[in-house]
Each structure stands twice: as structure tokens, then as C-alpha cells.
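In the two complexes below, chain A is the common chain; its partner is chain B in one and chain C in the other.
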Partner chain A sequence: MTTAVRKKDKPKRIREAKSARINRSIGGTVVIFLFLALASIFMLLPIVYTVVTSLKPMNEIFLYPPRFWVQNPTLSNFSTMAELAGEMWVPFERYLFNSVIVAVLGTIIYIFIASMAAYPLAKRHTKGMSIYYSFVIIAIMFRPEVTQIPLYIIMAKLGLINSYAALICPVLAGTLGVFLMRQFMETVPDEIIESARIDGAGEFRIFFRMIMPMVKPAWLTLVIFTFQSLWSTVDTTYIYNESMKTLTTVLQQISSAGIARAGAGAAVALVLMIPPVVVFIISQSSVMETMAHSGMKG
Partner chain B sequence: MKRRSHFERKRARAGYVFILPWVIGFLLFFLIPLVNSFYYTFNTVRLSGNGFTLTWVGFDNYAHLLFADAEYPQLLGTAVGNMLLEVAIITLFSLLVAVLLNQKFHGRTFYRAVFFLPIIMTSGVVYTLVQSVMNGGTSIGNDQNAFMFQSTGLKEIMLQGNVPQDIIDIVTGVVDKIFALLSKSGVQILLFLSGLQKLPASGYEACKIEGASSWDIFWKITIPLISPIIFLNIVYTIIDSFTAYGTTEAGNTMMGAIQNMGFGKVMNLSYSATMAWIYFVVIIIFLGIAYGILGRRVSKIQG
Partner chain C sequence: MKKAAAAAPNRAASPLMKQKQKEAWRSRIPTMVFLAPFTILFVIFTVLPIVAAIGLSFTYFNMLETPSFVGLDNYIRMFFDDDVFLIALKNTLIFALVTGPIGYILSFLFAWLINEFGRKLRALLTLIFYMPTLAGNVYFVWTYIFSGDSYGLLNSTLIKLGIISDPIMWTTDTKYMMGVVIVVVLWMSMGAGFLAFVAGLQSMDRSLYEAAAIDGIRNRFAELWYVTLPQMAPQLLFGAVMTISTSFAVGVQSQSLTGFPSTDYATHTLVLHIMDFGSIRFEMGYASAVAVFLFAMMVIVYQVVNKALSKWST
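Moving on, here comes the complex of A and B:
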């Protein structure tokens, strides 16, 4: 009993000493707090203002000089948005379904493709890999817009116009994810992989059972980025069929119809923010879990 | 010649299997279209019926944009100046925030969430919508909003206080950009933070036992250890700055100009492609400079 209590006691004391040293002085802590508070005000203000604007009635939106807070909050902007969405030819759920399918499927496929490509790049399976890596580096610099016209021709030839694939495929060619994953996989010690090889583990086993769990924070981060970018894609190039359009495309059309839609635009922005925020919260908490876990073990 | 072992060959084959899916996507949806667009820069592209007709014009497109066009060189200059400012401010700010967020204090989780939120809206339609709500942009919102989030009020106060014009310009310039700059640093904060969290705690403990001050530990242990992440972040910021759809208030308007030239009213596909290609050569030059200055140092520390 007593030994157990002592064992518990000891790390606690160490932790106390450690935290005391981290927060050297009250002054330092106050400075950290003030800086973070100030910076987070700058970070949050645009979002808060969007929320506030979405609750403003029309006469308050055009008030001069403008007021930050809403005087008579109303949900009329949301009902306007819902009405406008209801006037579309296709049911609202269909747009939502399209968006979710594209974002979820695209994210999963891209995480797999990018991580798998990053593994041999990071661990140099052959000398030829450096050529692919230079392709990755060069390709990061290009935005899809540059290749839009030739890309359209290729899509048309492959018969991908008006399909989910037309929205997902361009993302799959993205190299930023490959670059990020490679950067993190490079820090996985070679010795661990080597010892797994000696123990007879195949490359796929090493990849899925060892590498991927070890770089979990990296690919969860990539999940956030990829989902966010797929979700917010506004596509008017590859999709003509109304029933294949995504929610984001349709809502963007609603909000861009002039100054009278100012409130509805803020409402749209708010609604479109929700799914990425949810994905972010889910993956972020497990990112922290992973970190806490590995921290305890280390 | 050294004969490769069975083991090595097997390993190489596995490597190619791993990279194959991405290579296929890359070739089909990136490299081939890219080469095509490069070909367009030497041609005049005209829409005809259901396709394009190409007429070879050599370097005419390049000559026109660089020497005859009034706007293009100016756009390039703005983009470069903007990039330098962004790299400096964003790298410093995100490193500072990441180091602070990596400390232990109450409310850390809340602050982390706050700083990552902008990632969710840094690109795409949500960002555009929020920006236009903020700035009273063209699509939604009204001009009065700009009064609140820009330095118009500040400028008046400073003018009344007899502050020299030069200082007013610099201060208002930074203030006008501050929302854009800070909301652009979410990814960098995230990268720094995940880099910092991977640093071995045991090394820090050893330093503390040896009596090193926090200041020394930061400069002599933390900075060298995360230098690959610093480099990664600088590269990311350069690319992000160059390829973002900026507004006239903050950022460069090059991407918008390229898009307009190709898909707007003018519909000049060959000029659009050429504008993009010149722009990317500029980006490559700057990345080359960054790599030349920082990349070697990083590999030296690592090696």
C-alpha cells in the first residue's frame, strides 16, 4: 500500500515543479494570456461578425454608421435562405447528399493515395523516388485553375462530366498532402521499420499497422484540410446537371445575387461553416488524444 | 556493377506499388493538362464550334504581357511585395502562437480551437463570403462595414493627432491586412504545433536539470530541432501567398486576373495561360531562393 502511494506521489511532485518552472512568473503568464487573448479576438472577430450579421434584420444591415451588435435579432435571413433554396428545381436534400458524398469519399480516397505515395518518398525505397519527389515539389506551385481548360477536355474524353468523379479527381492529383505526409513520415525512425522488416512484416503491413498510426496527427490534419477544400468547392465547370450540383455551389449562387441578399449571404456562410467545424472538432480532439497518449508513453 | 539483392528488388517493387495510384492521378489530372496549357502559351487559342483552334505565334504572348501590357508587370510586383510581407509576419506570428499554445496553462484547449478555426474558412467560398461580409465587398454586405474593420477611423484619429503621413500609411497598411494575415496563419500554427509536440520531452528535462534557461533552450534546442518545420512553413506561406485569391485590400490579385482573362468577358485563353506560366516561373525563382538560403542550413542541422 505505502509503496503504491509513494509511487503516485513522486510524479505529482515532479509535475508541480515542472509547471512552476514553465510559468516562471506571474508577469510572464499574464503576458501570454494577454497576447493570446488579443490574437484570438482578431481570429474570432470575422466569424462572430458573420454570426451577428446573419441575425440582423434588413434595416440594421444598412444602418450607418454600422453597429457591431444586432439590436433586434431575427431569423428572417435563414428563412429567406431556406425559401430561396426551396425554389430550386431539385430538392435541398439532394444537394446536401451530393456535397457529403463528394467531401467524404474524396477525403478518404485522397488520404489513402497521398499517404501511400508519401511512404516510399519518405523512406526512399529506390533511388528513382527522388524524381517523383521533385515532381511533388514542382506541382505544389500550380493551382488547378491553370490547367482547367485542358483538364476539362480530358474529363470530357473520360466521360466524367456531370459525375462525382469530376469533382473528386482533380483533388486526387494534389501534391500538398503528399508533401505534408512525406515530411512527417520522414521523422519515423528507420530502425523501427527495419526491425519490423527483419521480423518478417510486409511493406503493406508496416505501412498500415506502424507508419499510419505513428503519423496519425499528420493525416488527421490532412483530413481537415481535404474535407474543407472539397466541401467549399464551387464548381461551375464540370457539372451542368442540376441534380449533381453540390450544396456549396447552389448556396453560393443564392448569396451572390446582389446587395439585397446581404443577410442571406451571412446566413449561407454560417451554414456552410458547420460541417467543416464538426469534422475539425472530431479530428482535433483525437489529434490531441494521440498526442497526450504518445506523451504519456514517451 | 553491384547486383541488387532479392530483398532490395522486392522493396523497390513495393515502393512503386505504393506510389502508383497517386502517379496515375497526377499524370491524368495534372501533368498532361499542364503540358497542354504550356503549349497554349505559344499559340493563339480560339474557340470554334465544339473545340479549339490553335495558331502558332511563338513568344508573342510573352512579349505582349511583359512589355506591352500595362497591368501585368504591376500585378507581379504587388504579388512579390505582398509575399515577402506575409512570409515575415505569418512565420513569426505562427511560431510565437504555436510556442505559447504548447505551454501548459488553463484554457489551452479553448485557445487552440480558436487559432485553428480560421483554417476552416481560409479558403473557398466560406472565406469569400466572410471577407465580403467584413469588407462590404461586391457580392454581399455593404460599404459601411469597411468602416469598422479597416483603419479609416484610426486614420482620422492619427491625422488629428498630427502623426506624420508616412507612419500613418505603414500603420494603416498593416492594420488593414491584419485580419487577412492572422486568419492565413492557421495552417502554419498547426504545422508548428505538431512539430513542437513531437520534440522529445526527455531532452528538455535534461536541459533543465543542467540549468539551461528557457530562453537558451528555445534558441539552442527548439529552433534547430524544428528548423525543418520552419522551412516547410516558409515554403507553404510563399506558395499560399502567391496562389491565394486576394482582394484589393489584402493580398495579390493575380489569380483573379488569370481567371478573368481565361473565363471572364475577355476569354483570351492563351493570354491566361501565359500569365499563369510567367507567374509560376516567378514562384519557382522565389522557392529556389528560399531553398538555397534555408534548405541547406536545415539539412546541415539535420545531418
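Moving on, here comes the complex of A and C:
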């Protein structure tokens, strides 16, 4: 099946190049570009300001009149942060290790289980499935602030306190990924699944060899959401063992402890931003490379 | 409820097809294997806590003693004995009505416009627009921009340009607070929905555009309306749900910009009300009741939006 998909890529590439010119005026494209450029400035300005602030020495942060740009850039905010992190009870590497394990392992597991659950929800048209699915959707809307105590009791009963599972399980139980995958699988035509079945393919083969490659943009996007939410988890409820804490938890404590000011806070924010941005760039550039499954339809 | 699943197209399978499908899926074992891992986690770590919280909303629970059943007292108290709740409700509705539709339309608009460009530029623009969401809690930087004294970036710029002579108390003057929070919420509104739109546009069937051009579609707006949007129905529903769940849940942004509690509760919201009673006043029963009420509002809005979307896309 995969080879069949690949073979179809070539003619499609040519078609795409041609179809890009259909119904497009150059003037309109220029106007759109200028509009997006202006909007980009608005989106980026606070981020740039964070970067600039993290490079400001203390006296410039409280300069009057305030200046946007930094005069004498310094890395002192980053070294303050590193020093504070170095003084913690547990070596810094341990926090980083915890964060990476939780984020990577959790993301991989979630992509699998969410996609698997989404397949029958998308392609098995029974009443039971649609009732189950409506629960999946509305569960997204319940605010987590009031489920913390019941969740704590469940975690304690299952003996998960102070374990990686305590950090990963709530994310694995989230319904956003199932919702996203199900919505994309919905667009896969029933006919091609049907013809694969007639050819004798089992459900697992259909799922891994046909469905998953076709909804690649969806699960690559889900990688971003899942990694981001696992990485940014600040957990002081289920984890009190210092050596099990994540980097995000510890760095947030540093920046909110009052020792650090605007500069170190910005430095912490920037350091924490790096891994999600890297994951975003890798996965998003693969999204851009995937080809639409046009040849597959009908 | 049935409509929830019927939001997407591709439903026009012939009766014969349906019959065949039933046969193919007759064996329940694969279905169960596919569903089991997620379902187990979903029931234990999502459904059970939600059911427990709904149960708590009918009790008095100070988190030390065992909860005692109080019937509908918490719900009655909300409307007849808690003025701040009513302010929070009003503000939540204003935030939802303003940031919801605008954020939704903007995230589709940007995703669609970005899609007009080549692969490299497209990737770069997607990164720029998603950056505020990716950056996590960087929105605290807006407090320096909107700072109320003349040290604030916005005030000092406006003074330098001669537009104002005295600094404006952006985050404590009730005239401006709402607007300030709305700006920041909109800045953060390119979230999950936006990326789903980008991915959805990426998997659009290109041959449909050629067919449309032959059928007489002459510009990109007509193409958007007649070809792209109907194909995007599943992603549009996903984006709508994401928008509902974020625009009704404005709170943390308001807390970090305008403080907690804000001046005259001008930017107090239901989520902040839940946090106030849940983690400061230790009245979990009442906090749960407010959360259930907020949840019910969102579900109703979702039902309306879902009906409208499915009616429109078929």
C-alpha cells in the first residue's frame, strides 16, 4: 500500500505546481503578504521583547525612559538562573532527564492510543460509537481546577504518587488527540477501506498501512500538542519527591521565588521554550512535506 | 447527540455499502482492541474525576471533613447570594462573545492566507503565528508593555509620540482593563484550532480546485466558499470546540495582567471564581458547582454550533 502511495506522488507534484496558479492574482497575493507581515509583527513583538529583556542587565530593566532594545547585552540573567538551578538539592541533569522521559515517552504512547481509538470512532458507524464520541468531545470542556482532588485520590489509590505515570496518565486520558484524529480520519473515504478489506487486509493492516499514512498531517500536529502539554506540566500535587520533579516545575519555582526579577524570569521562559519550538519545527516541516491524498479519492 | 458524529460529510454511502461495512466490522475483537487502551485511561483519569466533581457540586466540602450533602444549595447560592458570581458570569460571557468568534475567524483566516504561499514561507509564518501558544506563559511580558506608570512600554511610547500626556493605568483602570485582556487573549488565540486548520488545508484534495476552475470558479474567495470550507467541515468543528473551551475559560491571562482580585472585579471570570473558592477559600463544593455550571454553558453552545455547522456543510 505504501508503495502505491509513493508512486502516485510524482504526477501529483506536477499537478500541484500547475494548480497553484489557478484563480490567483498577483496583486491579491501581494496584499495578503503585506497583511500577514503586519500581523506577524504584532504576534512577534512580545516574544522579541522577552528575548531582549532576558539580555538586559539589571540597571537597564529599570531604566527611565524605558527602551525597547538592550544597550549592553549580557548573559548574567542566564547565569543567575543556572546558578540557582545548580544550588538545588538534586543535580540539574536529573530534572532535565525527568522532563525528557515524561515528554518523549508520553507523546509516543499518546499518539498510538489516541489514533487507535479514533479509528473505530471514525469508521464504525454505530449508535454506540456516536454516543461514546459525544462524551469524548464534551470532556474537553470540563475545567480541570475542580477535578484535582478526585484525581489525587485515584492516583493515591493506584499507588502512582511520585511516579512518572502520575505525570503522564492525565495527558494520556485527555480527549483532544482522539477528537483531532477522529476528525481527520472522517475524511478518509470509506470506499478505499472497503476495497482493502475485499483484498483481504485485516483491520490492523488497514490502520497502520493506510489510515495512518493518510492522516500524517494530523498526527504530526498532535505530536506538537502532546509534547507541549507534557513539557509544560507544572506538578506540585502528585510529585513531592524532589528527584522526580521536572525541569519546568523547578525553573518555574525559581522564577516565582522572588529572587529572580524580570530578567531571570524572561531567561527561564526562553530556556523552557526551546524544546517545544524544536519539536514544532521538525514536525511542522514534515506536515508541509506531506502530499494531499488526492489520487486516493474515488 | 447523534448529530455530534454526523458533522462531517462523506456520509452518502449506499445501503449496500453500509451492509458490507457492518459485515466487515462484525467481529468485535479488533474494535475492542483499538478502543481499549485509551478507554481504560479515559474512564479512570478523566471520566471518574469529572463524575466525582459533579457529585461534589451537591455537597459542602471544605477539603478537611467529609463532604456533606446540601442538595441544590450551591446552585441557588450562585444566583441569589453571590454578587461576585454574577459579575464573573457577565465578564465571562463578554470575553466569550468577543474573543470566541473573532479568535475563531482569525485563526481560520490566517491558516488559509498562509496556505497561499510556498512551503518554506508557509512553515515560517505558521511558526510565527503559533509562537504565542508555543511560548507557554510568556504572556507575563505584556505586563511590562501595559504597565500603568510611565515606565510601561506602551505609555512611554505614547507619551513620546505626544498622543497622551499622562500615563494611562491600563491594567487597573476599569475603562481599559477589559480591552487589555481581550488583546492578550486574541494574541494567544492561534492555538490548537489554528494548527488543525493548517494541517487540514495541507491535506486538501487538489484536484477539486481544478474541477472548480473548470466549473467557473474565478477567484480565491469563491474557491474558499464553494470548495475549501465544505471540505474542511471536520476541522472546522474541531476548531470550534477548541475556541469554545478557551474563550469561556479566560482567567489566568486576566489574573497575570490585571491582578487578582482585579479592580472592582472588572475582569473577574468564572474560572477565576472557581480558583478563588477551590484553592483559596477551601469551598470545593461551591467551586465544583460553578465549574459544572460553566461546563453546562459550554456544552449548550457546542450543541448549537455543531447543529449549525452540520446543517451548513450538508
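We take it that the second predicted complex is superposed on the first by the 255 of 298 C-alpha atoms of A that agree within 3 Å, B and C clash if a C-alpha of one lies under 4 Å from a C-alpha of the other, contacts with A are read in each partner's own complex, and residues count from 1 in each chain.
Please note the rule applied: contacts are C-beta pairs under 8 Å (C-beta built on N, C-alpha and C of every residue); 3 or more make two chains touch, one makes a residue touch a chain.
Just so it is clear, the structure is predicted and the values come from calculations on it, not from any experiment.
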item: Clash or fit (per the criteria above) of chain B with chain C on chain A; value: clash
item: Chain B versus chain C as contact partner of A:Thr221, first or second or both or neither; value: both
item: Which superposed partner A:Ser229 touches (first chain B, second chain C, both, neither); value: first
item: Touching partner for A:Lys56 - first (chain B), second (chain C), both, neither; value: neither
item: Which superposed partner A:Ile131 touches (first chain B, second chain C, both, neither); value: second
item: Partner chain(s) touched by A:Phe280 [first = chain B, second = chain C, both, neither]; value: both
item: Chain B versus chain C as contact partner of A:Asp190, first or second or both or neither; value: second
item: Partner chain(s) touched by A:Val178 [first = chain B, second = chain C, both, neither]; value: both
item: Residues of chain A contacting chain B in one complex and chain C in the other; value: 19, 22-24, 29, 32-33, 35-36, 39-40, 42-44, 46-47, 49-50, 53, 62, 64-66, 68, 112-114, 116-117, 119-121, 125, 129, 135, 138-143, 145-151, 153-154, 158, 169-170, 172-173, 175, 178, 180, 183-184, 187, 202-204, 207, 217-218, 221, 224-225, 228, 232, 262, 265-266, 269, 272-273, 276-277, 280-281, 284, 287-288
item: Complex contacts: residues of chain C adjacent to chain A; value: 1-2, 4-6, 8, 10, 13, 17-18, 20-21, 24-25, 30-31, 33-35, 37-39, 41-42, 44-50, 52-53, 56, 63, 110, 113-114, 116-117, 119, 122-123, 125-142, 144-145, 150-153, 156, 160, 187, 190, 192, 195-196, 198-200, 202-210, 213, 217-220, 222-223, 231, 234-235, 237-238, 241-242, 244-245, 248-249, 271, 274-275, 278-279, 284, 287-288, 291, 294-295, 298-299, 302
item: Residues of chain A defined as touching chain C within the complex; value: 12, 15-16, 19, 22-25, 28-29, 32-33, 35-36, 39-40, 42-44, 46-47, 49-50, 53, 62, 64-66, 68, 112-114, 116-117, 119-121, 124-125, 127, 129-131, 133-143, 145-151, 153-154, 158, 169-170, 172-176, 178-180, 183-184, 186-187, 189-191, 194, 197, 202-204, 207, 214-215, 217-218, 220-221, 224-225, 228, 232, 262, 265-266, 269, 272-273, 276-277, 280-281, 284-285, 287-290, 292-294, 297
item: Parts of chain A lying in touch with chain B, wherever the complex brings them together; value: 19, 21-24, 29, 32-33, 35-36, 39-40, 42-47, 49-50, 53, 61-66, 68, 112-114, 116-117, 119-121, 125-126, 128-129, 132, 135, 138-143, 145-151, 153-154, 158, 169-170, 172-173, 175, 178, 180, 183-184, 187, 202-204, 207, 217-218, 221, 224-225, 228-229, 231-234, 248, 251-252, 255-256, 259, 261-262, 265-266, 268-269, 272-273, 276-277, 280-281, 284, 287-288, 291, 295, 298
item: Residues of chain B touching chain A in the complex; value: 11-12, 14-19, 21-23, 25-26, 28-34, 36-37, 40, 93, 96-97, 100-101, 103-105, 109, 111-121, 123-127, 129-134, 139-142, 144-145, 147-149, 178-179, 182-183, 187, 190-191, 194, 197-198, 200-202, 208, 214, 228, 232, 235, 239, 242-243, 255, 258-259, 262-263, 269, 273, 276-277, 280, 283-284, 287
